[in-house]
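Shared between the two complexes below is chain A, which pairs with chain B and chain C, respectively.
Right, the complex of A and B next:
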């Protein structure tokens, strides 16, 4: 497995002012879930991404709570309208208190 | 081209001619005299081995979910398999059997038999998906062909068309004589005019060709990229022998392995055989680090992708001029045109433009070998949710054709892969790919 917490973000190569931009983001994460046997939990050491927070130039534009595990290396896609150039920051929070951040610069062409 | 097997003595004469240098790459007569024996270093499922039950029945050990049927009666790509292809048989309809068109149609569609619809189009909205490798049979009844002629075409078409791609169904026992009588009765009922298509996708001649899966090097698009990057840790981890890949290959895989993958598969002198990166890892990995890298294991595939990614964008530069390479390519090419298995198919039947390439086999669009198959392998298969290399793709292709698969790291497969790689020469490597 690659390094935990590495965030990969993809945006279109060419963005114009006012465009609706589709962002694809992925974080390397193991997703350890509660192991059960006969309905009883045997290992409660769960560890997964439960919250995603997106900020644009410091302003929060999206906060999503997954409430439960989504996937190993979870992948999220969303859109936003790019009105000004700036920095898009995506933070992934996991159940062990880890916070993994990735940023991408949005430039107009 | 026909497959010719030489005696060892003749073979050495042919090799002498090779060493002197003939014009034209890989047009030589294949020589099987100097191919070494190779002990497989693959995971158990990929070795092509068998389990013999207490009742003496042989069950093939294959990947999970694959058929365990033993196709031992039919010839394979193994160089020591000297059996000829089944001889052409002349056949006549058995007396006393009356053909039933209804039974014939069911047989035409039966997935356990052919299905005939994999290659031939017939009318009916329940025909899904039909292929276009063979001729459209929608109006064959209008041609007023004699029953005996159609019977022969299904039983063993090679008598009429020696170069056909169609399996000799009767000769190999894929269809029983009375079943062929039913099929002929059904074909004679197919008369025009053909009703208009409700769905253009049903008809392989009007069906849209599939588009790809987007950027194969985008990790948010292709999960194989993450697996390949995961091998970075393996690259740096010391094996039981106290050494890591990184100890000898300085500067990380991206720097140390730049351009290496463009030269594979190649003849490796130290082991006396053609090897792809996967094959080389199975011996080089344990020899240096002490860590096993069996063919088809996750470590082997991930490390192969990791090494190949260092050459992404560089043109494939497989070596084709040395005597060893020419001999290997002659054998690889012979395998490509060799008819094998229960269905008596050759790779060339489906993957050359003059035959099946760029046509539909059922719902699958057949690739064209001359456009290059190997530059994006290993790849992510969306239909299997897993990373597959060329060898597993070979094994996957060959099992439904009715032949026992060879070990994933066999010399036969390596030389076939090398032959296919020559079509990619000069084209940029792009690993891992993403395909259905």
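Right, the complex of A and C next:
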């Protein structure tokens, strides 16, 4: 569990200006599911990622609301248009107030 | 006769004290009450358990859903051996310009207890309307992708995934 919040982001090794780049991101997280006792769901503060925000040079390009129907160690894929060099940042927010961020530098070759 | 003034004195003080306590409680109650603001992971904050028809009605009301099977590419396995990890990729044909882009993509699985799985909010800066995620599916189910375009049109595509082992913890 010590690895909770470890973010891994993969982008293609060579990016040209104007390319539509496909990004794959993974975060280590348990995504706790609803427990049931006698068929009734237990009410407690379940620990799962409920929001994902992707920003590119400070501008938000994608936001996602996620639920426990997303698997453990969630994986997301998306694309973005690389218009300028800079930083792509992905932030994962969970229900216990955790914020896990991963960044990747976008450079043109 | 001796006690009357003191009795009235106490009453007044008690009354004031009681008022003060009520006043404090009134102020601090909503701020400090542990259950006043339910945490985001509590049951009340989750997507409700419901049938998929109720989910569709709650999310889209009576707005018409157009058949988007030609515009939406729903990429996922035909048979998922393990329901705990089912990769799904949704790609919507769209120019993705500020004037015409895909605003939201919803991923909904019919037979999960909470059918609403993920909602993506996209922007034109993405270049293509493509999102992917790994889902948990409880049993063999239809998975729907609903795309809401910037002009408000709703497109839907769905496909069945056969799940051999459910992924919702029994």
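Everything that follows uses one rule, which is that the second predicted complex is superposed on the first by the 100 of 109 C-alpha atoms of A that agree within 3 Å, B and C clash if a C-alpha of one lies under 4 Å from a C-alpha of the other, contacts with A are read in each partner's own complex, and residues count from 1 in each chain.
In the analysis below, a residue touches a chain if its C-beta (ideal position, glycine included) is under 8 Å from a C-beta of that chain, and two chains touch if they have at least 3 such contacts.
As the structure is a computational prediction, the values presented were derived from the model and not from experiment.
Q: Let's test your reading of the overlay: on chain A, do chain B and chain C clash or fit side by side?
A: Fit: chain B and chain C sit side by side once superposed on chain A.
Q: For A:8 in the superposed arrangement: first (chain B), second (chain C), both or neither?
A: first
Q: A:28 in the overlay: touching chain B, chain C, both, or neither? Say first, second, both or neither.
A: In the superposed model, A:28 contacts chain B only, not chain C.
Q: Have a look at where A:56 lands relative to chain B and chain C in the superposition and call it first, second, both or neither.
A: So A:56 only meets chain C here.
Q: Looking at the overlay, does A:45 come into contact with chain B only (first), chain C only (second), both, or neither?
A: It touches chain C, and chain B stays clear.
Q: Where does A:96 make contact in the superposed view: on chain B (first), on chain C (second), on both, or on neither?
A: Once the two structures are laid over each other on A, A:96 reaches chain C alone.
Q: Touch check for A:66: first (chain B), second (chain C), both, or neither?
A: second
Q: Of the two partners chain B and chain C, indicate the one touching more residues belonging to chain A.
A: The partner making contact with more of chain A's residues is C.
Q: After superposing on chain A, what angle in degrees do the C-alpha centres of chain B and chain C form at the C-alpha centre of chain A, to the nearest 10?
A: Approximately 110 degrees at the chain A centre.
Q: Tell me the contact category for A:75 with respect to chain B and chain C: first, second, both or neither.
A: After superposition on chain A, A:75 lies in contact with both partners, chain B and chain C.
Q: Note down the smallest distance between any C-alpha of chain B and any C-alpha of chain C in the overlay, whole angstrom.
A: Here the least C-alpha separation of chain B and chain C stands at 7 Å.
Q: Going by the contact definition given at the top, which residues of chain A touch chain B in one complex and chain C in the other?
A: 24, 75, 77
Q: Help me check something: in the complex, which residues belonging to chain A touch chain B?
A: Residues 1-3, 8, 10, 24-26, 28, 73, 75, 77 of chain A touch chain B in their complex.
Q: What residues of chain B sit close enough to touch chain A in their complex?
A: 218-221, 223, 226, 229-230, 232-233
Q: Of all residues in chain A, which touch chain C in the complex?
A: My answer: residues 20-22, 24, 32-34, 41, 43-48, 50, 56, 59-72, 74-81, 83, 95-96.
Q: Touching chain A in the complex: which residues of chain C?
A: 39-47, 49, 84-87, 89, 109, 112-114, 116-123, 125-128, 130-137, 167-169
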